[in-house]
Each structure stands twice: as C-alpha cells, then as structure tokens.
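What follows is a pair of complexes built around chain A, which joins chain B in one and chain C in the other.
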Partner chain A sequence: MTMLATRAVEAEAVTPRRRSRRRKQLIGALYAAPTAFVVGLFFLVPLGLVAWMSLHRWPLLGPPSMNVPDNYTALSDDKLLSTALWFTLKYTVLVTVLLFVISFGLALIVQHRFRGVAILRTAFFLPAAVGFASASLLFLGLLSSEIGPFGSKLPSVSSSPTAALSSAVGLVLWRFAGFNMLILLTGLQAIPTEVYEAARLDGASWWQTFRSITLPLMRTTIALVLTLMVSGSLLAFDQFWILTRGGPDNSTTSLVMVIYRKAFIELDLGSAAAVSVLLLVLLLIVSVVQLRVLRRRS
Partner chain B sequence: MKRWLGGLAAVTLLVGAAACGGNDDESAGSASADSGATLTLWTRAATESISKAYAAAYNASHKNQVQVTAYPNEEYPAKIASAAGAKALPDLFASDVVFAPQYASQGLWLDITDQFQALPVKDKVAPAHVRNGTWQNRNYAVPHTIDMSVMLYNKDLFKKAGLDPEKPPTNLKEFAADARAVDKLGGDINGTYFGGNCGGCNVFTLWPSVWAAGGDVMNAEGTESTINSKEMSDVFALYKQLFDEGVAAPASKDEAGPTWLGALQNGKIGIAPGPSAWLGLIEEKSSFKLGVAPISGPDGGESTFVGGDAIGIGATSKNAKAAWDFLSWTLGDEAQIEVVAKNKGVPVRTDLATNKYSQSDPRVVEINELMAKGKTPYAKNFNATYNDPQSPWVTAFRGALFGPDPKKSLDDGAAALTASLQK
Partner chain C sequence: MRFGMSRVTGAALAILFLFPLVWSAWASVRTPSGFGLANYQRLFTSDNGIRFEHVANSLAVSAMTVGGTLLVATLGGYAFGRFHFPGKNILFLLTLAILMVPYATILIALYVLLGWIGLQDSLIGLSLVLIMFQLPFSIFMMRNAFEAIPNELEESAQIDGCGSIATLVRVLLPAVRPGLVTVSLFAFLTSWGEFFAPLILLNSTDKFTMMLAVVNMRTATFGAIDYPALEAGVTFMAIPCLILFVVLQRSYVRGFMSGALRG
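Now for the complex of A and B:
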C-alpha cells in the first residue's frame, strides 16, 4: 500500500516536469525556426532541386523530361570536364598550401603587441575589404601590357598556362591571406600565456614551443581555416572568369566554369546540374576526410 | 564555414535559377498595336547605340515607349538564359545573329511567322539574318543591326611603305605582301593584327577568306565541321606564317577581344581584317586615313561575314502586339534610312543598300554592296562551339596558328567541332 502511494506521488511529480521539458523543447524549436526556414528555402530546396534537375533534360522554357542517367553518363567522355577537374584539384592543393603558410606566417608576425603592430595588422587585412570581382579586375589592369604600370615588362596573363595560373594564385594570396590571418590570430590569442611561460621555464626552444604547444592547441582553428581554403578553392570561379577566361587553351578552366558553360552557353541545365552534384559530392568527401583527420588527432 | 555554405548555395542556385520554368505561355496581346505600352528591350553593349537610336526615333512618333537596357557583351547570353529560366524575359531582346538559331530552337522568342510573312518588304530583309532567326520553318527573329567583316588598312602607313594607298590587296597573298612591306618600317609598327585567343573574332575575319576561295567551314545544316578542308588550312597557314615572321603583332597571340579595337585605333598596324562597324569608331579617335577593302581568298574572290544582331519578341512578353509594332517599324524605310544609314550603318534591307546617305562616302557603298556576297553561318550550337573561350574552335585554331602540328589540330578540331555542333 505504502509503495503504491509513493509511486502515485512520483508519477504526479514527473508529469509537470515532462511538460516543462516539452515546453522548453518547443521554445527551442521556435528559436531555431527562422534559421531552419531560411536554410531550408535557400539551401535544402535548391539542393534537392539540383539533384532532381540532374535526372532530367531541362529546357529553359517548357516541361522537363526524365532522362536518367544520360546527364551523368555523358560526363565520362567530356574532355573539358576532366581537364577542369584535374586543374581544380591541382589549384586547390597549390592555393591551400601557399595560403596557409603565408596566413600562418602573417599571424605569427602580428601575434604579440609591439610598436606598429596595429598598422601591420590593418595592412595585412585591408585587401579583404575589396570585393573579389573588383580585386580580379584590379589585377587584370595591373598585369595588362596595354594599361598596366609594368607595361610589357611582365608576361601577359594569358601568355602561358604558368603565367595565367600564377596571376590567379597571386591574386588569391593577396586577397585572402589577411582574412585567414585574422582567423588564425584569434586562435593564437586564445592560447593561455601561462602555457607558454611554463614552456619557457622548462627551457623549451621556439621550435619546440611551436610544435608542442601552438600547433596542438590551434588544431580546431587550423581545421576551420583549411576547410574554408579547400572548399573555396574547389569552388573557384571569379578569379579565372575575370582574369584568364579559363585560358590559355583551357589550362585554367575550373569546375564551376564548366557548370557555367553548360548552363548558360550550352543551355543544358540538366548536365550543369549533374556536374554540380558531382562537385557537391567531391566537396563533401574532401570536407569529411579533412575534418575527421584533424579532429581525431585532437 | 559561411563562405563554404555560401559557395555551395551559389553552385546550387546557379543552375537552380531556371527552376521556375514552366510552360503556360499566354497568347499575349493588347487591343491595339500602338496603345501606349511600355516595352522593355534588352541588347548587348556592342549594339546599344543603334538600339537606342531606333528606340528614340520610335518613341518620338508613337504612343508605345521602348526602354533599352544594355548588358556587357560576354555576360549577355547568361543574362538571357537566367531571365528565360525565371520566365522574366523582356518584351524584346536582341542577340548576336549567330546565336539566333539556339534561342529560336529553345522557344525563347515568340513565333512571328504570320506577322513577318504579311510584311510587304519581307523578301528584301537580309535573307541570311532571316534564316538564322528561323527554326523548323517558323520565323522567330528579324535583323536588328548588320555588321560585316572587311579589311581595314592604314593609308598613311601604306604610303610610307611605298605602297599605293588606293590599291588595297585583291587576294590574301597580296595582303601578306602588303603587311610585310608595312612591317619593314620597323619600330613598334606591325604589318597586321588578329584575335589569336578570340573565337568570335576569327570566325568573323577568317571564314570570309574560305568562302571567297569557294570552300566552307560547315555543312548547310550546321551539324558537321569542315575546318580541316584545304581552303581553311591554307588561310591558317598564311596567318601562321605572318605570326611566325613577326609581321603580325606579337600581342595577336593573346588577343581575346577586349583590346582588339584599341590595337587597330593606335595607328601602328598596316592592314587587318575587322568589323565594318569600326570604321566610324577608328576614325573618331585617330588621325590617320583609313581604307576599306573586301576580305579576299588566297587567290582572289571576295566575301564577308554578315554579322550583327537579330531581334525577336520575348516568349514571356505580355505586349506582343505592341512589340511587333516596333519590330515592323524598324524594318521600314524611315527607320532604315533616317536611323541606320544616317549613322553610317548598313541597312538591313537589300533594296536600301544605295541611299541618300551612303552616296557621300564611297567606302560605305562598298560595304553595303558586299552584303550580297557574304554569308551568315547557321548552327544551333554556335556559341558553345565557336564563341565561348572554352569552345573546341578556340583549341583548334590556336593549335593551327601557334602549335607544332597544324594539320593534326585541324583534323582533331573538325571531329570535336562536329561533336559539339550535334549536341
């Protein structure tokens, strides 16, 4: 009898607690609703639509017709696509390595306070304030033998594949090193100074401190910066569209440029969607592998 | 992460832009053709001035009002495609005449067969242009402007080089000899210039030489490429030789189009093929005397690429009647003489080649008369095959002009072009 009574009391006490938990969940969901709505409308819906389009022959006007798997099978013998895929991967590796080394270097230079540090930080960050398309046009003018300050002293942007690639890489380094430096700098400044002091008392050299303290404690920030760099490079478009037009001889044609060509020049939206899906899968694989590797170690 | 998501969304939206495409075309129309409708007209930057001149003259005498919006040349096809996908095409839009078959086949223009066939002057409207606006025997577009390729030469440099400025070359061999003679003047003067990295430029300037020699670059349906023919190979070989000898300006190799006009304006090029529409543009900024001659074949003959823009009524327009009122007016005598010919343009009507304005400049008469000898190539996939920087044509001709094995480049190119034309 006593046991039964206790259970009944417990049950009564649980119900309002459950209710309040449910209410809290509801409020939480309401708070998240606007973001979920925006993400759903502008990200998930287009994403689903692209996947759906890639299964169809999709004219600009008029009803689409299902043509599975033609859009995908046609990609296998698309020479421009394989050139662009190979080039985009090569460009991604090149830019990620260079951009990371330079950004980290800049962050280490301006990590501590000293006279003039504010000027340096501003100077390094300033290019990030220029729109990327404007920056590309600026470089186009700067490197032009017709209107640029160097005249024909520099090889023209599209004189050779190397010249075209280096001008685009130069532009990206100039435009993005400061921005990535800023992210890395916040990571550096989040490391407690006590840790460095302890290391110094133990007689650790600069290199030992960097390897055993700075790098391990920076792992999350580095993971973020590398993901940004890799995904940004895989999606490269503006710099090549404006600076090199994908040339010379298709040597700087990126994957997104192939999507653009299929959608707006060939007016073949189905195939363009198929390449977009392919690029999305590539991005997902690269990002998952990258985050797993970096997180596991930490 | 934000950029990552943003970039990803951009990729998806890029093609998702066309999502809203459906097919509930309304048979648009207002009660009267000149009822005071506001008509939107889109055009590319290259055609802006003439479109605006047409609109100004039409607006002055009609209740309908045409509003012209121009977009940068290279971004224009994408603008049209995304507007079509969003079912937001303007009432009227012009396009490079070689892209017209693609737009007509995609149904981006309204069918104007009945209205066009009822026009009294229909047989005098530039036939090659009309054909390019035709898809499966239905008319979708009419000519808007005409621009033809001609040889432009610097008479002052000709004189300095000891050539007769009144005797332009009559075949490509003479053209090469004249270019070499001017090039010998030395300094920063070069014999000739061409767009070595520009698909559209070479289509426009090199093909007439092939036609003049009796050859062709495609079959009539625009589905098979013959760029490895003897005629085309000979033309490439001649330009390659001029480049290798240094007679063509070294900048020709990288010329993708934007600085082409500037190079001809600076007065340091002897003779080069280019657009007839540049006659006025070059003279207005330079002090030298400019000569005009037809483009010839390796051993004589003459031809031209009848380019320019075609215009049709946007498939989603709600003002189709008013839009046709404007189009039919642009094809009339008043518009062709008082708007086009007065501004040294080429009338789109064959019966108006000789008119009161053309008589004052013999060069203009010469250009106008060339139209009958010229061609406008027809291919549904023209842009993707020839004009786009990533087109197989650019790869093929760069191989033929600058590569180690021109024959292989043209043979491989012909196969790649045919594949692209048949897509």
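Now for the complex of A and C:
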C-alpha cells in the first residue's frame, strides 16, 4: 500500500518533467525531419520503384505495362550481361587485392612522423581531390601515343583486352590508393604504441609484430576498407565508359554499363531495372558474407 | 635501416603519384610551336567544348549541393547527436544504408521519379539527388561532432534563456566548425567531379555540367580526339579542387579521421 502511495506521489511530480521531455522529443524529431524527407523521397521510394519497374515493360517514353517475369527471363540468355557479370567479378577481385596491398603499403610508409611525412601524405592523397571522370580523361591522354609521355612504347588502351583492363586498373590504383591509405592510417594510429614496445621487448620481428598485432587490431578498419573497395568495383562505370569505351569487343563492359545501355540506348527501363535488382542482390550477398566472416573471426 | 628504405621508397612513390597531375598541366599548355593557351582556346570555343553556361551550371550544382548538404546534415546531426525521439535509430540506419545501396542501381528509378515531380533535366533535381548521396557520410560526421560537445556548454546556453535554435546557432555551430568544413569540402569535390548522375539526369546540352561537356569532347567525336584540349579541360576543372584541398587539408583530414575512427 505504502509503495503504491509513494509511486502515485512520484508520478504526479514527474508529469511536468515528462511533458518537457516529450516536447524535447518533438523538437528533435523536427530537426530530423529534413533528413527523413530526403532519405524517404530520394532513397526509399526509388528503391521500391526500381523493384516495381523490373516487373514491367517500361519504355523510356510511353506508358508501362506489367510483364512479369519477362525482364528476368530475358536476362538469363543475354550474352552481353553474362560477359559483363564475369568481367565485373574478375575486375573486382583484381582491384580489391592490388588496391588493398598498395594502400596498406602507403599507410605503413607514412605511419611514423619524420621530416617530410606531411608532403608524402598529401602527394598520395592528392589524386583523390580530382574527380574520377577527370582522372579517367587524364589517363586517356597520358596513355595515348599522340601526346602521352610514353609515346608508342605502351600498347594503346584498346589494342587488347589485357591492355584495356590494365589501363583501367592502373587508373583506379592511382586515384584511390591515397584515399584508402588515409582510412588505414587512422586504424594504424589507433593502436597504442605501448603494444609495439612490448612486442619489441619480447624480441618479435617486424613481420611477427605485423601479423600478430597490427592485422588483428585493425580488423574493423580493414573490413571497412574492403567493403568500400568491393562495392566500388562492382559499380565500376566511369573508367570503362571514358577510358576503354567497354572495348575491345565488349571485353571491358561492366554491369553498370549494361544498365546504362539498356536504359538509354535500348530505351528499355524495365530491363535496366531488372539488372539493377540483380546487382543489388549481388551486393547484399557480398555484405552478408563479409558480416559472417567478420563475426566468426571475432 | 628499414626506416631509411621506406623514406626513399616513399619519396619515389610520391613522385609517381604526382607525375600524372603535373604532366596534365604541362600537356595543357604545350602547343606545336612551344607553350601557350591555344588548347584552352579550343576547349572554350569548339562546338563540343565547355561553354559559359556549363561553368555556370557546375557552379550552381555545387553551390546547391554544398548548401543543401550543410543544412540537412547540420539539423540532422543536431537531432541525432543531442536529442532522443521515436524512430531515431531506424532513421539513422536507413541513412547509413544509402552507402550500402550504391546509387548506380537506383538512378534509373530516380530518373523516372524526378520526371513525375517535374524535375527531369533540372539542375535542382540533380542537386537533390547529390545531397541524398552525401547524407550518410555527412550525417555520420555531424552526429559525431555534436555528440562530442560537452553537456555544460549546451546547458549554460539554455540557462541564459536560449531556445534550441539560438543554442544551435550561437553556441554549438562554432564548436562543430571542423565538421562543417569537412562536410562542405567533401560535398564540393563530389558534386564538382560527379559524372554518372548528371549523365543520367541531364539531357539537354545547355543543362550540362562542365564534367559532362568535357567527357562529351571524347565520346561525341567520331574522328580524332583533341587530346591537348582534353587535358586543358582536366586541368581547368582540377585547379579549384586542388587549391581548396590544399588550403583546407588540415581540418579536412582531421575531421575525416575523427569520423572514420569512431566508426
């Protein structure tokens, strides 16, 4: 009984405070309203719309009509799509491995303070300040025999599938290594120096320290960087559109190029949406696998 | 020993990374008879090159994107960092999910959606889409910046009788300045150099941004590509980015690192 009574008294005292708390909640929600509006209208609605469009014959001009599941069945015998799918996967593996090794190497070089380290960091990061499409145009000239410094010593970009692929990979490494270096550097500098000193006192070699201290302690940063690299590569467009034009013989046509072609060259938005859904599922699988692997390790 | 080795390697690599930028600037002023601005002249006068309205369009898109991102991310960061309200966590996760759902996959739908609301082939529509793509990074940055402000600062302002808006403008905004600089610079660099979104969302050549116009010089010509004019375009567009980056580098890198660290 007494407990009930005290509770009643407490409740009465709390009401005005609760009202002010509710007011504060309302104000917070109001400040978040613009975010909710932009995220809702320009992210959630299009996400639903792309799935909806993939169920329709949706010409660029003219009314859409439902045609389930024609867009998807047509994809299964689309030769360009399967070439693009395999090419994009191959490219993703290649870029992720090379970019990770190089970015990590750069981060290790500029990890400690020494005279001129700031200049090195800026030099590595500077390509990231140039737009990616600009960078692609830059490399188009750089690798050309017309004005490039290497003249005709290099095979031209579209002379063979290998030349085209390596030009695009070189461009991506140059443009993105510094950016990823910066993220990895953040992870490296978060490791307390005492840990390294303890390892040195124990007589551990550089490689032992790196394998058993640096790598495990940087797991989250490494996961972030790998996720960015994989999803970025699966969405490759600018470098192939501008530098290789998807050639020679469609050998460097990426999945996003197929989406663009279907939508704006074949004027078939429904099929383009179906490829987008396919790509979304692919990315979802990648994220789930990555999450699983990370969970198991920790 | 190892230390000296890595310094030499570092210096060599730095030259390798800077070389393409320096070469592009050099190639842009190189003419058959020596040096001069002939390539820039062709860039700004040829049929497929940059016209005055393209420069204006790029400036307008960047200004709207930076302004809009700052507005939405400041208010949103304030809400996420300083308030509790129902649906807060879901909205935050949805905003971050924009990063996981890469935009190439939803641009086709955005093209249709902008048509429905009368913003097809419009610089405003393009800016709204670019703002949305900036939100995950910007909201995350600003939430961390607002969270890091000590409670006493906010409380003292409230005791002085400031409402939430006055507290935000007078007390909190100066405290989150590094975050604002990082968010603006990031929004500027992205909107200035973005290619795929304008390619899809803008149709008429007089709405083109500079980036589209310069790429058009490569893709719309069937004959020989005018490489020197192309490098002039690359250099012309890169200069404001490089200057801004070098000037704001300190706060940009600091803001970026504190944001990434807490992730």
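As a working rule, the second predicted complex is superposed on the first by the 262 of 298 C-alpha atoms of A that agree within 3 Å, B and C clash if a C-alpha of one lies under 4 Å from a C-alpha of the other, contacts with A are read in each partner's own complex, and residues count from 1 in each chain.
We take it that a contact is a pair of C-beta atoms (placed from the backbone, for glycine too) under 8 Å apart; a residue touches a chain by one contact, two chains touch by 3 or more.
Keep in mind that what you see is a predicted model, and the values were worked out from it rather than measured.
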Legend entry - chain B or chain C, by number of chain A residues touched: C
Inset, instruction - Figure out whether A:266 sits in contact with chain B (first) or chain C (second), or with both, or with neither. - result: first
Inset, instruction - Would you sort A:248 into first (chain B), second (chain C), both or neither based on which partner it touches? - result: first
Inset, instruction - Tell me which partner A:156 touches in the superposition: chain B (first), chain C (second), both or neither. - result: first
Inset, instruction - Using the touch definition from the top, say if A:68 reaches chain B (first), chain C (second), both or neither. - result: neither
Inset, instruction - Could you look at A:182 and tell me whether it touches chain B, chain C, both or neither (first, second, both, neither)? - result: second
Inset, instruction - For A:256, decide between first (touching chain B), second (touching chain C), both and neither. - result: both
Inset, instruction - Pick one for A:289: touches chain B only (first), chain C only (second), both, or neither. - result: neither
Inset, instruction - Check whether A:32 is in contact with chain B, with chain C, with both or with neither, and answer first, second, both or neither. - result: second
Inset, instruction - State whether A:198 touches chain B only (first), chain C only (second), both chains, or neither. - result: neither
Inset, instruction - Mind sorting out which residues of chain A both chain B and chain C touch, each in its own complex? - result: 42-43, 46-47, 49-50, 53, 58, 146, 224, 231-232, 235, 245, 256, 259-260, 263-264, 269, 272-273, 276, 279-280, 283, 287
Inset, instruction - In the complex, go through chain A and note every residue touching chain C. - result: 24-32, 34-36, 38-39, 41-47, 49-50, 53, 58, 106, 108-110, 112, 114, 116, 119-124, 126-127, 129-134, 137-142, 144, 146-147, 149, 174, 177-178, 182-183, 185-186, 190, 206, 220-221, 224, 231-232, 234-235, 237-238, 241-242, 245, 256, 259-260, 263-264, 269, 272-273, 276-277, 279-280, 283, 287
Legend entry - chain A contact footprint on chain B (complex, rising order): 1, 3-5, 7-16, 18-19, 21-23, 25, 77-78, 81-82, 84-85, 87, 102, 106-108, 197, 251, 253-254, 256, 259, 262, 315-316, 381, 383-384, 388-390, 394-395, 398, 423
Inset, instruction - Over in the complex, which chain A residues touch chain B? Could you list them? - result: 42-43, 46-47, 49-50, 53, 58-64, 80, 145-146, 156-159, 224, 227-228, 231-232, 235, 245-250, 253, 256-261, 263-269, 272-273, 276, 279-280, 283, 287
Legend entry - Complex contacts: residues of chain C adjacent to chain A: 2-3, 6-7, 9-11, 13-15, 17-18, 20-21, 23-24, 27, 30, 71-73, 75-76, 78-80, 82-88, 91, 94-95, 97-98, 100-102, 104-106, 108-113, 128-129, 131-132, 135, 139, 164, 189, 192-196, 199-200, 211, 214-215, 218-219, 225, 227-228, 230-231, 233-234, 237-238, 241-242, 244-246, 249, 253, 256-257, 260-261, 263
